[in-house]
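In what comes next, chain A is part of two complexes: it sits with chain B in the first one and with chain C in the second one.
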Partner chain A sequence: MNIDKVSINPERATKRRLGKNSRVTLTLVGNPNVGKSTLFNRLTGSTQKVVNSPGTTVSLEEGESVIDNEKYKVIDLPGAYSLFAISPDEEVVAETLLGSANELNTKIRITKEDASTPNRARNVVVFICDLTSLTSSLYLYEQVKMLGLPVIFTTTMSDLAENRHQLCNTEALEEALGVKVVDVNPRKGIGIDDLQREIKYRAENQDLTKLEVTEIPSSLTELNEYVKKNADEHFAWVSKVESDFRDIEKGMELVSAGKTVAKKAEPKAETNLSDKIDKVLLHPVFGLIAFFATMYAILQATVVLADPFITFIEEDLGVWAENLIQMGFDAMGTGETWVADFAINGILNGVLSTLVFIPPMAIMFILLALLEDTGYLARTAFIADRFMRIIGLDGRSFLPLIVGFGCNLPSYEATKTLPDSRQRRLTAYLIPFTSCSARLTVYILLAYIFFPSYAGVAIFGMYVLSVVVIFLVGFILSRFKPFNGLEQRPFLLALPDYQMPEIGFMLRTTGTKLLMFLVDAGKMIVSITIILWLLQAIPAPGVNQEFAKVEDPHDSVYGVVSESIAPVFTPAGFGDWRISSSLVTGFFAKEVIVGALSQSYGVEDVTEAAEEGDSSNEDLRSFKDQMLDSFEVSSGGHAGLAGFAYMMFVLCYTPCMAAVAEARRVFGTALAIKQVIFGLVVAFALSTLIFQIGSLIT
Partner chain B sequence: MQLKDTNVNDEMQIISLDTVSDKYAFRLQEMGLREGSVIRVVQNAVFGGKVITSSAARYALDGKTAREIEVELVK
Partner chain C sequence: MMTTNSTLIARKPLANLAQPLENVQSVKSMLKNGTDIIKTATQTGNSVHFVSFIASQLIRLGEIQGMDLFTATNSCTSCVSNEKAAVDRVKCAGCVFYRA
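Moving on, here comes the complex of A and B:
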């Protein structure tokens, strides 16, 4: 990575920007897990969006904060321990700060040459120092300070530090550091007003004519050399500040009557409640049991608790809304027109397809926030590190993957807890291989048709295969750029104390995320549903039927598309238009694959009968016979094998459109598209392998 | 001795990080785990991992890294 790309011709760019009254940018900087993102949420509310750092795959959160009617741009940089970067995320932190420092120097030079230019710095760094991990926070601060940027020093976790009898008096720290310190508790919203006042003051009072150009490294390589060369000096500075802090705090307490000081005399962690809890939750045996029990409970909660709400949306709300819309069109005398059909089967269907994901996502977001807020999430990273490391991930990736078995959608947001962008992206590639509950209906039906004697084993086998595919694909991907080398890094994580969750803040944050999903992903889901409706509404060339009145999907453009791609699946043994059509429909929602197949084979929807294993159902029997016949033909007499290959394809191919929309919201368009293509390639490769090798053996 | 061989409540000084790769050894030093630093084991965890305290901070370390850190008991 080269800093040049963010500082190309900085003088000209800066002059141009100085001419406009550009907004002040607040850049949040700090170690991982210091409450930076919580502070970002407090400052920006629902104005957040994900942007990719230019030229990298690292995504940043960007938002807007309004202080006294003035808008500020807020950037939440990834957590970093040092400007000596050892991950792409830390490179982005170092590069951004170095770019800002370059820009500031340019502004200072311009201002000194021409006093008529506006003289306000447009970048302010908000540095967040965790008082419970003072040493590593101060070490990073010393490096940031060296760049000469305006920095607001904020502290977090002062309540936890006090509970631990550690240094926590921010007035004493202010004196030791020689800069103003603003103490905040973003979880509870305490100190935010003070911080906003300080931001406003600093943004309005950066007189560039009084600042001097700072000597800074000119590239990341030079910055790395600088950090390494001056490390001893920085360590010594940190020790001195800590020592001064201790002395000043001790002095202040001596003055203050009735307080003991002996307990804070040494920077030593005493055994506290968190340690006692960790004796169980990090225990070599009980810790693992607690971990798997927690993961299982979360998976169950997202499936079981969400189910009644999903049923309500699909059945009650869906029917009410449909009736209401139909009545409206009937009243206008247009109830039988394509417009009514478009409103119900196009737009309403898209809206409902978005809404059904709200319950599992809401439950997952709340549980995730609960784990993070209480401090257990950091422990899960540690506990599951050993087995996730095989595929270059840390234990925190276990949660999004396990949740994916319920529903893939909430998993993408859950990857944000991972500290390294490579881990987040690798997990995103693996999520579609987790067999979500919507795929179960397809397995049940296909197992009933192709493997009636051992259907249960076949269904269970699909879940085992799902895990195997995740580890196999993860193992292979982690050996190639950009994911290689992740498995070699040491695991060293600062453990936060356990805390009581802030329920109100958790619910607000969850509400914000759901709103962002509804707005961003919802637009895409509705758009794709409308496209599907259009494809099914337009009659195929040569078919003499009206627009939106096509009874058999095979007679629509949708049928033409399905038929034209069917030969692609011939090597996998299921090159039949009805099967390819079900796969196209499955992209919209996996649970409608069975419905689409039923429609193609001209029987009533057999989803319910298949789920109940009702072998006396006439439609199901007819469906089974027809499907076996078509698989016999398409596979050249290896129907069972082709059925298995088809099940494998359903397991691995692209996630549903809602999941793609959510992946796009969280990771951007490029990854969403790559993920779809990657899934299709893996699905095609595996199903073809199964069919071809199986055909040779049987 | 290696950090992995220590017990809960053992207090020790870090003697060497030589077997940790250069890139990561510097990171351990930056986080306060430097030669000469005094650390204490708070908890033995799964797969040979350790929870340690350094100054006032608590860190979780994986089993492999615990095998690579040379320490000497001070108490």
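Moving on, here comes the complex of A and C:
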């Protein structure tokens, strides 16, 4: 966004903050990593939803908080270091606050002119100050306060500040600032009641008739100029408050202890335990080893721990539910009708397809929360920053991408830790190119068929290619709008102290995220599964079979669709309907590509035999022969090359529907659609390139 | 502890900002002249933390370039520019990677 062209749109700003009702809006403002989102989660529970800030690509979290039976709308603004905005996220913060201030001024004017108008402010800013990072918080606070908005000053991390012998007495801070300070620990739920009381009091007692109109900048450009012009005064104000804070706290301690108290240490003047741990974890060599070991452990733990739960859902729960539904329909005498088939293969299948993602997502979310809660997540950003800069991203983008190698789904949620919307979106475009574990089955099978002598190398090569594609695509995208220029931004990252995780809170937030996934993404997954069922249930024109009784998928509309798109893949060497149909099915779940191919080639599902490398399996051998034949025909004698191109296509094309549904939940419909199209284009381009160039050489 | 009613009082104006303002201006002047953070902190009597905070904000405001700030010799493990270094919590000159 070019801020020179931005001016405040009162109508847009009003809609953003107040919606269409008269509820009080609480706007959470603070530096990144001050516990703002944790407080938001604590205040709103599971009522959160992601909305795009109007006219921008920045996502905001919105939720609802109930205090004494009154509902409040809560907006979690992105973290910002200053109202001098240097990223789209900070522009949204500045614009939202500026819009609120403009609106407040308008209301004050109206109230003064007409005493009969409501005189309560409908917007309260909750400013969150991390006491371990007081300086930068105060600097932002000074700018927010200048806008004249009702602000509640809230402090977090007071326990950590105390442990680190930093300034931590909130009563002393109150004296220094001259405003009430509410100390909270959102992770433990401490102080939330006090904050809610303060919010309620502010919402009910902000008398507009007693306020004066504040002179504020009229646009972001003016705001930037204002911040720049007054920077020295703001720095001086921060310095003075810190100095007063120190003196007052020291005085209070003297009074309470009745003896001389050692002067509080200057911030960060001594080496603490975190510094000692950092000497290893941020070490250029040991830090990298620890980093990759941690990432590997997370991926392995996700796969290993989730596996029994997935098997239970697919086999035990799935079979049990299917039998139960079938019995119900049998009892009604409709067990052989399309309705029973629809209930089992349409709806139940869709529900199970959603549920199987719960175990890996839950484990991944808990492990990621563990990393974040302990403070290691910020270190991973530091370690990964150097090589991520190559593609215009900073180190924080590495985590969502590495998570994608386990499963693409949790990656989208993991992008929320990124501070800049462009980074989040660019990362979202790259996530589908991370080769999730579901694609491994396809690689194993195709490597066994096309490259039997060096199957292991071929499979490993696909993972190397995945990394190459991510860097290649990232490098290219980062050169074009809207992603260019990311690498020029100063990388400002606070490293929090290491701390013990709050298990209860981690589990609660994980539960909330899973619930949101089930409700939002689950609807889409079930809908798409039903569409697939319909396509396979409707007989193709000219086929004399009943609805939902089509035995060969080729005789269904699904077969017609697959056949009609098959020629598209001819340039890539695999223009055969059986192969194209497997790609269509692969959109629903990558795990079922092998099953779909088996079905199309008329053999039993060979997924297990392929995974075990059971070359004596008759079905697998028959399948291999047929696959080789069809690839030989479709490629004009370059079966191996076409097989490689097909593997490349599977690596790059659209992620599964559950991942698309999750992308839509996190980023909105537009990005989810663009991402699918982009993936298809890249996959087609690369597979065609491989086949065409390879054909010329071989 | 202040009572709830006092939440509505206006911020108490901080008396005498002249001295801190003078201090900030000397810090800023030294940083703009290319003096490194440690030296600036030592010569102005400020903490390294406070000086690095001002430096990071000045970089954001476009008043100084990150690379010009440091004279220490360690290489940064984060910054793509691989410029000069980082001492104490100020991890990097190029990217101003610091412990807040």
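FYI, the second predicted complex is superposed on the first by the 668 of 698 C-alpha atoms of A that agree within 3 Å, B and C clash if a C-alpha of one lies under 4 Å from a C-alpha of the other, contacts with A are read in each partner's own complex, and residues count from 1 in each chain.
The rule we apply is simple: contacts are C-beta pairs under 8 Å (C-beta built on N, C-alpha and C of every residue); 3 or more make two chains touch, one makes a residue touch a chain.
Model, not experiment: these values are computed from the prediction.
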item: Side-by-side fit of chain B and chain C on chain A, or clash; value: clash
item: Which of chain B and chain C A:Leu167 touches, first, second, both or neither; value: first
item: Partner chain(s) touched by A:Glu215 [first = chain B, second = chain C, both, neither]; value: neither
item: First (chain B), second (chain C), both or neither touched by A:Asn205; value: second
item: Which superposed partner A:Glu551 touches (first chain B, second chain C, both, neither); value: neither
item: Contacts of A:Arg197 with chain B and chain C, given as first, second, both or neither; value: second
item: Which of chain B and chain C A:Ile86 touches, first, second, both or neither; value: both
item: Partner chain in contact with A:Val179 - chain B first, chain C second, else both or neither; value: second
item: Which of chain B and chain C A:Ser136 touches, first, second, both or neither; value: both
item: Contacts of A:Lys279 with chain B and chain C, given as first, second, both or neither; value: first
item: Touch count on chain A, higher of chain B and chain C; value: C
item: Doubly contacted residues of chain A, that is, touched by chain B and again by chain C; value: 81-82, 84, 86, 132-133, 135-136, 139, 228, 231, 235, 242, 267-269, 282, 284, 287, 382-383, 385-386, 389, 490-495
item: Of all residues in chain A, those that touch chain B in their complex; value: 81-82, 84, 86, 132-136, 139, 161, 164, 166-167, 228, 231, 235, 242, 267-269, 271, 274-275, 278-279, 282-284, 287-288, 378-379, 381-383, 385-386, 389, 488-495
item: Chain C contact footprint on chain A (complex, rising order); value: 31, 81-82, 84, 86, 130, 132-133, 135-136, 139, 145, 152, 171, 174, 177-180, 197-198, 201-202, 205-206, 227-228, 231-233, 235-237, 239-244, 266-269, 282, 284, 287, 382-383, 385-386, 389-390, 395, 487, 490-495
item: Chain A-touching residues of chain B, taken from the complex the two chains share; value: 20-21, 23-24, 26-34, 40, 42-47, 49, 51, 53-65, 68
item: Of chain C, residues touching chain A in the complex; value: 1-2, 4, 6-12, 14, 16-17, 20-21, 23-25, 27-28, 47-50, 53-54, 56-61, 66, 77-80, 88-89, 91-92, 95-100
